[in-house]
Amino acid sequence: MSISETANPRGSVADRLRDALPKLVLSPTVAIVAIFVYGFILFTLYLSFTDSRILPTFGLVGFENYDKLFRLRAWDTAVSNLVIFGVLYIAICCVLGLLLAILLDQRIRAEGFIRTIYLYPMALSFIVTGVAWKWFLDPGIGIEAVVQGWGWTDFKFNWIKDREMAIYTIVIAAVWQTSGFVMAMFLAGLRGIDSEMMKAAQIDGASTFALYRRIIIPQLRPAFMSAFVVLAHMAIKSYDLVIALTGGGPGTSTELPATFMYSYTFTRNQMGIGAASAVIMLMTIAAIIVPYLWSELREKK
Amino acid sequence: MGFLDIKKATKSYGSLQVLHETDISVEEGEFLVLVGPSGCGKSTLLNMIAGLEDITSGEIAIRGRSMNGVKPADRNIAMVFQSYALYPNMTVAGNISFGMEMHGIPKPERQKRIDQVADLLQISHLLDRKPGQLSGGQRQRVAMGRALVREPDVFLFDEPLSNLDAKLRVDMRTEIKKLHQKLGTTIVYVTHDQIEALTLSTRIAVMYGGYVQQLGTPKEIYDNPANMFVAGFMGSPSMNLFPAKVVSLDGRPAAEIALADGKSAAVPFAGETLASSVGRDIVLGIRPEAITDKDGADRNSNAVHMVEAPVEVTEPAGSDTFVVSQIGGKDVTGRFRADVNVRAGDVFPFAFNMEKAVAFDPQTENRIA
Amino acid sequence: MVTVTSSRSFSPGRFVLYALLALFCIYYLLPLYVMLVNSLKPLSEITAGGMMALPKDWTLAPWLSAWSSAQVGVEATGLKPYFLNSIIMVVPAVALSTLVGALNGYVLTKWTFRGATIVFGLLLFGCFIPFQMVLIPMARMLGLMGLAGSVTGLIFVHFVYGIGFSTLYFRNYYAAFPTELVRAAQIDGAGFFRIFWRILLPSSGPIAVVCIIWQFTNIWNDFLFGASFSDFSSQPMTVALNNLVQSSTGVKEYNVHFAGAIMAALPTLLVYIVAGRYFVRGLMAGSVKG
């Protein structure tokens, strides 16, 4: 065995390098995150207080952009659309996901196959989903035309062209894409429940319904939490689907904060207002994510 | 100066001190066992010897050379882990040779040593298997092979047997002992099992709460525990500990004990150590095998004293019968021959071999006689 | 399709259960069916109200058109160049972010230091920020780096914002990897990188698959970065598909749109079908432990 005969091995450069190696390996990531996440957040935050228009400029204007933003009709629309969309999207995905998970948990034949079918939309791009549903819901050639062709000539389904209803088509397509994923999360939760306890509950005489309502679903709390966090953050970030499905229209009836930010920043040359809207989005997401991450990382200790 | 010296070593995690100042000197060829309940700092100390944990203060030296700051790989030690820590992606042979490969030992030499070790541990037929295809006992052997092949100065074992079932554990214990006798290497061995400690070691360090409570040969530890913790922890069934009072009987010190029927008895001590402590409250410690029926008492002892005490429970255990009585409010167990006719409720003569009795201070819990 | 088999072997409850499951299968498969059948029929059949019907006149023309001759934006190149852009973008971005994530996970679990949890928390939060927050400075940064409007620029962006998730995956995986193995290897004389290559990496197959699938899917499917940071020559597939569908000139060739949509979906769909089991597991282990 070779034993280096250095009197004070701590001191040597090679050894100090060896001790610092793990941190050295991590440091590019730390630098990248510091610049491209937190540095950029600060930059955008700063821009939201400037009079930037086409390009970033650095004349400070205080809260003027926020002031303008909150008085814009378009931002109002975007926010109320987000509330409608977010609430429906999260609620329907959770209900549908839980229902499907429970259905699939009944020792189903071909469970793996069915699960694959429920889940595959998750692998698709929102643009693809948007294209498919755009034409499927189009009154000219889609479901309305088809049903009319089958003989129900007064069948109407033109939500996608209807200012009042178009936002719900976004919900439909988004639920189609994500509900299978929520199903998978709940299914994992169901599978994690101690089977001996379920046996005990059955011996206690619990009906299937009571078993789920009283014993199982309450234990899915962590899965609900995760699903909520994931869905909420996806809802707030929703951009692609709107662009592909409705383009924000008819008019501005399906604009969401994400599309609002993009169009104000890059096509309407109101970068200051765009930055302000991005900051609001970040704060909304942070309000949901930070407590969640906090509790997750705490637990792991 | 010994072969492996632990000098004033301490370990803290932040403000939490998990190992208090520890001094142990191990001679070449010794088998030192660190024993204590879970969480007492045994693994921490072992990892400090291995160099897997930094030393907060103090020094650890092997062959007189300070190991502070020396990489684990350069300490010429080998370690066997509780989970065996076999590399799952390598074969048995690969596992055994990995360390040699890292130290640049040429292939033919590696092969030779693998074969020797495999032969010694009877695992030659397993060399091409992956760890996942081995039984617990086989994995244990491979883990030992990986350590042996290094021909280290010091072997470190961290609870190597605790993942084996009871039968295999006893077999492997014997085998480790044989291996030690055959190879004569220095071993530091961690366990929470006091029987393992007593059977394997040449010396034992009993640890508790981050302190070494006592360091000594198995016999010293067993016969003369330094304090009530060591007395209670080592030995099975454990030493009887019950309150007593030092009195003077015919000018000699004796222990006055309170029996369950309200009477009390005075039992003279074998020595004179407590002559000056008359009137003092003590905790008397006496092992079950030193409380017997009259005919079962040790004939070589000059200090067997009879005490008539009410029997509370009898527990026949095949070769012996354990007889329980209440003394000073504690259950006290004696070890009677199996054919003694004793029943619960009897008042029966118990033979106390006071040569084997020890006394503790009830406050400090340290031994005073 | 609901096959009305004799329900004698089934209890009525089971029958309802299977009927429901089948119904949902239809719901999830319907858009795929619509895309597929309509990409194989002439435009006239679609405009005549036959969207749900099988093609009367089977044709591959929409596929050929979508691939090589359809009008995308201003040029009639078909989707082919953009498909290639996406491939060129996705492969290095996935490889880089996975490798860096693996190393990070290794450091964060086996060589922890004071503050490691905070570093990880900050990294994780970066996964969830709305990317609208970084669009403006990133556009400038890419300009400064000379990567504006290039595929290289997109690779860089996806690499940067992919690190968080791949670190998360590997960290969670390596956290369950026995530390005693690392210690044994240390005693055997292996150093930081050697332990990684010889001990951890050979056991990282499952999580690497999960991470690669996740990154591949996300980067391939990305639209926001593609739309923000590419120009006509460097657009990825999703952006080109959107341009194809939204182009307002001429008649809307729905069949070509559907063919293009399937093309854009095919790589991720294939990956999902081939390695679906890992994908599911990955989704679970991702942001979310159920």
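Order as written gives the chain letters A, B and C; numbering starts at 1 within each chain.
The definition used in the following text is that contacts are C-beta pairs under 8 Å (C-beta built on N, C-alpha and C of every residue); 3 or more make two chains touch, one makes a residue touch a chain.
Model, not experiment: these values are computed from the prediction.
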Taking each chain's C-alpha mean as its centre, the one farthest from chain A: B
Pair sharing more residue contacts (C-beta pairs) when A-C is set against B-C: A-C
Separation of mean Cα positions, chain C and chain B [Å, integer]: 58
Chain A-chain C separation of Cα centroids, rounded to whole Å: 15
Multi-chain contact sites of chain A, meaning residues that touch two or more partners: 18
Contacts with 2+ other chains: residues of chain B: 71, 74, 103
For the chain C and chain B complex, residues of the former touching the latter: 178, 180-181, 183-190, 194, 198-199, 202-203
Chain C residues touching chain A - in the complex, by the definition given at the top: 17-18, 20-21, 24-25, 27-32, 34-35, 38, 46-47, 49-52, 100, 103-104, 107-108, 111, 113, 117, 119-126, 128-138, 140-141, 160-161, 163-164, 167, 175, 191-193, 217, 220-224, 227-228, 238, 241-242, 245-246, 254, 257-258, 260-262, 264-265, 268-269, 271-273, 276-277, 279-280, 283-284, 287-290
Residues of chain B touching chain C in the complex: 47, 50, 52, 71-74, 77-79, 81-83, 85-89, 98-99, 102-103, 146
Contact set on chain A toward chain C in their complex: 18, 21-23, 25-26, 28-30, 32-33, 36-41, 43-44, 47, 56, 100, 103-104, 106, 108, 112, 114-136, 140-143, 145-146, 148-149, 176, 180-181, 184-186, 188-189, 192, 220, 222-223, 226-227, 229-230, 233, 236-237, 239-240, 243-244, 247, 258, 261-262, 265-266, 271, 274-275, 277-279, 281-282, 285-286, 289-290, 293-294, 297, 300-301
